[in-house]
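Chains here go by letter, A, B, C, D, E and F, matching the order in which they are written, and residues are numbered from 1 within each.
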Amino acid sequence: MKLITAFIQPEKLNAVKQSLFDAEIFKLSVTNALGCGQQKGYHESYRGADIEVNLLKKVRIEIAVNDEFVQPTIDAIIKGARSGKIGDGKIFVTELTECIRIRTGEKGKEAIG
Amino acid sequence: MMKWKAWLPAILLALPLMGFVPTALGQEEAADDAAAAVEEAVEEAAPVSVEMFTVNNTWMMVSTFLVFIMHLGFASVESGLTRAKNTVNILFKNTAIVAIGLLTYALCGFNLMYPGDFNGWFGFAGFGINPGADYSPIAYAGGNYSYWTDFLFQGMFAATAATIVSGAVAERIKLHSFLIFSALYVAVAYPIAGSWQWGGGWLSAKGFHDFAGSTLVHSVGGWAALAGVLVLGPRLGKYVNGSVRAIPGHNMPLVTIGVFLLWLGWFGFNGGSVLSADAEGTSYVLVTTSLAAAAGILASMLTSWIVQKKPDLSMALNGCLAGLVGITAGADVVSISASIIIGLIAGIIVVFSVIAFDKIKIDDPVGAISVHLVCGVWGTLATGIWGTDCNFMVQLTGVIAYGIFCFIIAFALFFLLKITLGIRVPEEEELRGLDIGEHGMEAYSGFQIFSNQ
Amino acid sequence: MMKWKAWLPAILLALPLMGFVPTALGQEEAADDAAAAVEEAVEEAAPVSVEMFTVNNTWMMVSTFLVFIMHLGFASVESGLTRAKNTVNILFKNTAIVAIGLLTYALCGFNLMYPGDFNGWFGFAGFGINPGADYSPIAYAGGNYSYWTDFLFQGMFAATAATIVSGAVAERIKLHSFLIFSALYVAVAYPIAGSWQWGGGWLSAKGFHDFAGSTLVHSVGGWAALAGVLVLGPRLGKYVNGSVRAIPGHNMPLVTIGVFLLWLGWFGFNGGSVLSADAEGTSYVLVTTSLAAAAGILASMLTSWIVQKKPDLSMALNGCLAGLVGITAGADVVSISASIIIGLIAGIIVVFSVIAFDKIKIDDPVGAISVHLVCGVWGTLATGIWGTDCNFMVQLTGVIAYGIFCFIIAFALFFLLKITLGIRVPEEEELRGLDIGEHGMEAYSGFQIFSNQ
Amino acid sequence: MMKWKAWLPAILLALPLMGFVPTALGQEEAADDAAAAVEEAVEEAAPVSVEMFTVNNTWMMVSTFLVFIMHLGFASVESGLTRAKNTVNILFKNTAIVAIGLLTYALCGFNLMYPGDFNGWFGFAGFGINPGADYSPIAYAGGNYSYWTDFLFQGMFAATAATIVSGAVAERIKLHSFLIFSALYVAVAYPIAGSWQWGGGWLSAKGFHDFAGSTLVHSVGGWAALAGVLVLGPRLGKYVNGSVRAIPGHNMPLVTIGVFLLWLGWFGFNGGSVLSADAEGTSYVLVTTSLAAAAGILASMLTSWIVQKKPDLSMALNGCLAGLVGITAGADVVSISASIIIGLIAGIIVVFSVIAFDKIKIDDPVGAISVHLVCGVWGTLATGIWGTDCNFMVQLTGVIAYGIFCFIIAFALFFLLKITLGIRVPEEEELRGLDIGEHGMEAYSGFQIFSNQ
Amino acid sequence: MKLITAFIQPEKLNAVKQSLFDAEIFKLSVTNALGCGQQKGYHESYRGADIEVNLLKKVRIEIAVNDEFVQPTIDAIIKGARSGKIGDGKIFVTELTECIRIRTGEKGKEAIG
Amino acid sequence: MKLITAFIQPEKLNAVKQSLFDAEIFKLSVTNALGCGQQKGYHESYRGADIEVNLLKKVRIEIAVNDEFVQPTIDAIIKGARSGKIGDGKIFVTELTECIRIRTGEKGKEAIG
């Protein structure tokens, strides 16, 4: 099993959700994040003074999947999130040792979906 | 357990009507008396004592303050009912409108709306404000108010029309195009339309009755709102695959503050429209106004409870405004029972209207068209039904005349702006929010907000 | 470094008292004069000029607006002092109450409270509002206000009693049960109780003095709040394993807005209770009212600084309300120094009262019982101590009579609702918040909020 | 596409000026008349009718309410323009100041400011408030207001000076030191300075004109704000490596609410400063006040649009206040066109002033020094330029005299506090926020807020 | 060492904290999350229009533990969070390579507790 | 590749960002968190009642790095975040199996920076 964590542009969340659904990946968790990457931040002005906004708003998605779903999930995220502009984000994949469904106590492959 | 609940609303709805019917007759009389008192107050031109002049003017100044605070009410309601990412933009528009409204009203609006003797359709008494060389404060309006109070009270009304538009076109209109539209609409269209009735024009000659502006102010704003929404189109994500998706407002306490301030302001809007402090006239108007507002709340609250299954706060608050808009045309000439009925019906109308506009994909984030246009029309017609000495067909004529004039002008303005400067922000800006896009600022810096809705 | 801090509060507390004592005697006289002026204003029935009638009525209308805005004040305070997940529910209740209050007051409340000649305990002048056939505005109340102003001013008061309850039972009461309770309490219990004193009933005959309603309004609401809390029980998670756990309010700016609006409203609540624009009477009352509010802030701020080690904003704000409630009974008959002392003591009382109610597990999220009941009683008794021509035992009688009547009625109503419709939301709904449970809506859509507190 | 935008602001800026120029002459006269009316109203000491007395007093009471609500305005603006982590602290300060201001004004301020006959520099009529044994309400001020209204109206002004300081020193000052400063400044410095002009002192003898307090109130607060900021130093993270970093305010709707309430309050601040309900005088003042505010919004909005490329809401709102402060000194003696010009220039000044103070590392989170001090000075001098019967050099003398007196006293007080109790919170507390540090409370409990800015 | 990440119903946080404390697990980190799982979301209505709330509020808990604590931690979470209804949530376990206490620089097993 | 997750005091975020930049680590993601650790929480008082604040505000940082950057990153975080007082926080390191740049589809070592 793998845990896929992706940072995407907030305005792309709906599109990513849609493409995940199309790929029959129905489970995910979302958190708010601030990100700092290649997109170096932009400058704003408030009351004449400069704001260096280099922590940009991002959305963080976590999806735990069985190994055969890793590639489809990555493809779906890319499909929904890519605009080709800097700031599109990153996908990170880590090994998932165990997964438990709290309601039933099921473990592993059965629990994940 | 659920069954009694289905009855409850109906029972509650019936309750306030009971007990009023038996006394309705007596109140009809009271309304007549009050109407007479208002009439007298307005028409009386006999010389008055300086004391009377002073108290009249004091009342009109207080009313001016109350109408002023309605702008804060609008700003609060509109920003609260939209998303956090567009808040700065809405607040900015509402602040700018007050300034633009007052300044253009001083520049030309006042003298367009009250041109003195004129052909009944269009007149202009010149730029700037100036009471003239032979100005005598006490004689200016029969001792009811000074020239300056007259200007300021009317000036505070002026900006309202544009503010109504602001809410309907929120979350997608370009700032500069909106400001240009507002300046022109408030400086020219509103006062010309106003002159037909309040300036002593052709409609007033016909016997049209619009006490404080269900039509002259609210529907004038409402028609422009409708035109704006039609030219702009709905917000992204509102109508997806043929289904309507809710885009919830971000700050309900702010909406509530706004609605209470608007009710408060309406005391001056209607109370001040008596145009003197006449005790019987003003206080009667305040009672009809308040009861209509209360009835509007009750009706919309119960209607939404029945229709949407859960009582919707934003609907209850819209219902309050609906009742207020509804009573505005006839607050001085309808009976107590009629005022309650007008409010109740307005409260019911507004709920169905909001839902209906969504059905036909007219996306009005704050319900401005339902509240100000639909209930403005309702109130004007209702005055034709229940108002002492009012005529339904004349009321209808007025409604239609204003509709044609305002809708065409507003549509033309928006359309011209669309093909020249553009009126809609780019899609990306709309998704990220106009606060960042137009102002480079956030309304709630530091707060964690999901802006992807 | 810490030691001087321990002194500071005491010194500051002493400060405002200095300098007043020497002048107290002179002020006693001033208070007497003012009281006399108020008395005169109220009783004077001689024909007045139309100018006087108009200014009196204008003042009463302004006071009505101010009392109206208190409802927004209550809505703000109550929602700010509770959790974000229950905000829509509280705003809804407060909006509904205003509507229900006004409509039921028009339906029956006004005529229950002011039945004309009656047995002193219960009278009813019929359904609906109607000044009658031989109504002469200027003669109606000796030229102090018109019939309509009378109704509206009193009507705005009426809903207050229910609003007070709203805060105390917040975050756990079922919406429909609360609305039914409020409608009945405001439509029937409040006006009957009110008739005993302001309607010219038995207590007024005894010489009871409750100028603007420390007892008639605030304790009437407070007793019902107490009854409601007793029947409902505390919020989940408030008293755990014998220890009291704080459940902090979610929006302090909202609370502050609310308290300032309440103070503003009190100018009309007390100032309007002079029942005419009499210059000396009204302005004296405004001064005692303001100084008591200021003293209440100072005292509660310092008390909380000493007792809780850190100065608690919510306590300072409660102290303001405590001072206002405290002065309400005697604003017209106490001296300037007495008004400050009443406010100071109210501010101290409220802090200890809030803590004490928590100790005995009476869970009142906004401190309504401490502010309105405890300080309402305090103010009524204080009037017996310092008020010109007031009698302590009569004041006590009044306090007890209202206590018995209101507590029993409120307790019975809540109890009946509990065994029929139920008054408490299910545990799961309470944990998730009533906004989702009762209204299917969030107050702050998009904001990230920890709702698990 | 971008080019026309560069023109737009300039065109808009020019617009309101057109049309006023031709009528300016007529208005000059109007201003003269109005000034005369105000003059008359103030000086008239002839016996007036009780009706006139009552309406005058009613107006003054309404003005008092409006000035009162300015305190809520200040609290809202200041907390909205700072960070969420310091909100409770700011609200607490503003609440405490009202209480302290009123109580100390009753204790000694009123009698320091209006000592009766005195040497023109310093006088004191004794502790406490007491109209005296032979007090006749109607004769007290020629029938313009009662003793009590006089006290309360002036008392509401008093606290304003300290509130202005509050915003400038926000987010870093120790609570107790600030409270001690405020108490002393409001109780002693403000009334003594005030006595020079409004108390009939040496400046008033010289013919200085400061209608409602551009200098007496706003610059008095502004000088102290400047002194406080100089002694305190800037907030951590504001000036880093020689560059200025923005620290955005956390709640723009709150700022907007505050500014609209301040404008509302200014109707009483200026309107009430006519010191009677004189119809022509008061209403003229309201018009100049409103137009200056509107012009201030327009000018600052366009200036910030040009200078900062994007229209800055906080600047537009500051511009509104700038216009209001600017017109305060001469609202009664300048023409309509002059009032608009004063407002426009104030709106331009405020933007550059905010930026300039940042350049020289004077960190004023809310722009209080720019709004109240800079525009206060501007307004006082502008009165010397355009005011009927005003003298520029005398105005300048007044500005300088107040500057020297207030700055020295405030600086000395802050400096003494710094070396005794300390005036700045520890660095760690500043980073975590004063809400936790000073009050052990959060303003928005449950909300997820990034407090690391 | 393992890193245990759990998504639970917000209203269960206090109960989970309690059962973790009972199991002598004193350290944890909490973030707000939105989740989409078997609990398919519910429909609400705002101004007559439908809101499809399919991102439900969840609380995300992270606990880093030594291997012998994995099972007790899982048991404690389940004890506190289980209501038996859909939406109870999931527990994910991943391998933790290293753990460092910032204050002292301690590493590994000592740092975790 | 490794994924480094650190919980630090909110007021230290700027300092940590600075020391990461100094160490030429430019990419990171930040989320808000509440933490419960050795720093046992403190007691506050609200309206006379006690608040046991045992979930303290923390900031959660995630940084994905190539293996040779692990130690410099840890050092930089410690440099910026250490005050020596309880509550300074923890750093957790987990194995990162894959990393994808959404914009370009690049994978692995190239994608991470």
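Methods note: contacts are C-beta pairs under 8 Å (C-beta built on N, C-alpha and C of every residue); 3 or more make two chains touch, one makes a residue touch a chain.
Only a predicted model underlies this, so the values are computations on that prediction, with no experimental measurement involved.
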item: Touching chain C and also chain E, the following chains; value: B, F
item: Shared interface partners, meaning chains that touch chain A and chain B; value: D, E
item: Which of D-F and B-E has more C-beta pairs touching across its chains; value: B-E
item: Centre-to-centre distance between chain C and chain A (centres being mean Cα positions), rounded to whole Å; value: 52
item: Centroid spacing, where centroids are CA-atom means, of chain B and chain C in whole angstrom; value: 32
item: Centre-to-centre distance between chain F and chain E (centres being mean Cα positions), rounded to whole Å; value: 18
item: Sites on chain D at which at least two other chains make contact; value: 49, 51, 55-56, 58, 62, 248, 251, 257, 308-310, 312, 314, 440-441, 444, 447-451
item: Two or more partner chains touched - positions in chain E; value: 31-32, 34, 44-46, 94-95
item: All touching chain pairs, where touch follows the definition stated at the start; value: A-B, A-D, A-E, A-F, B-C, B-D, B-E, C-D, C-E, C-F, D-F, E-F
item: Complex interface listing, chain B residues touching chain A; value: 237, 428, 431-432, 436, 440-441, 448-452
item: Complex interface listing, chain F residues touching chain E; value: 2, 6-8, 31-38, 55, 58, 60, 74, 77-78, 81-95
item: Partner chain D, residues of chain C touching it in the complex; value: 4-5, 8, 12, 15-16, 18-20, 22-23, 26-27, 29-30, 33-34, 37, 49, 51-52, 55-56, 58-59, 62, 66, 83-84, 248-253, 256-257, 259-261, 263-264, 267, 271, 277-280, 282-284, 286-287, 290-291, 293-295, 297-298, 301, 308-314, 316-317, 320, 336-337, 340, 444, 447-451, 453
item: Chain A-touching residues of chain D, taken from the complex the two chains share; value: 243-246, 248, 304, 307-310, 312, 314-315, 351, 354-355, 358, 367, 448, 450
item: Residue ranges of chain F in contact with chain C within the complex; value: 32, 34, 44-52
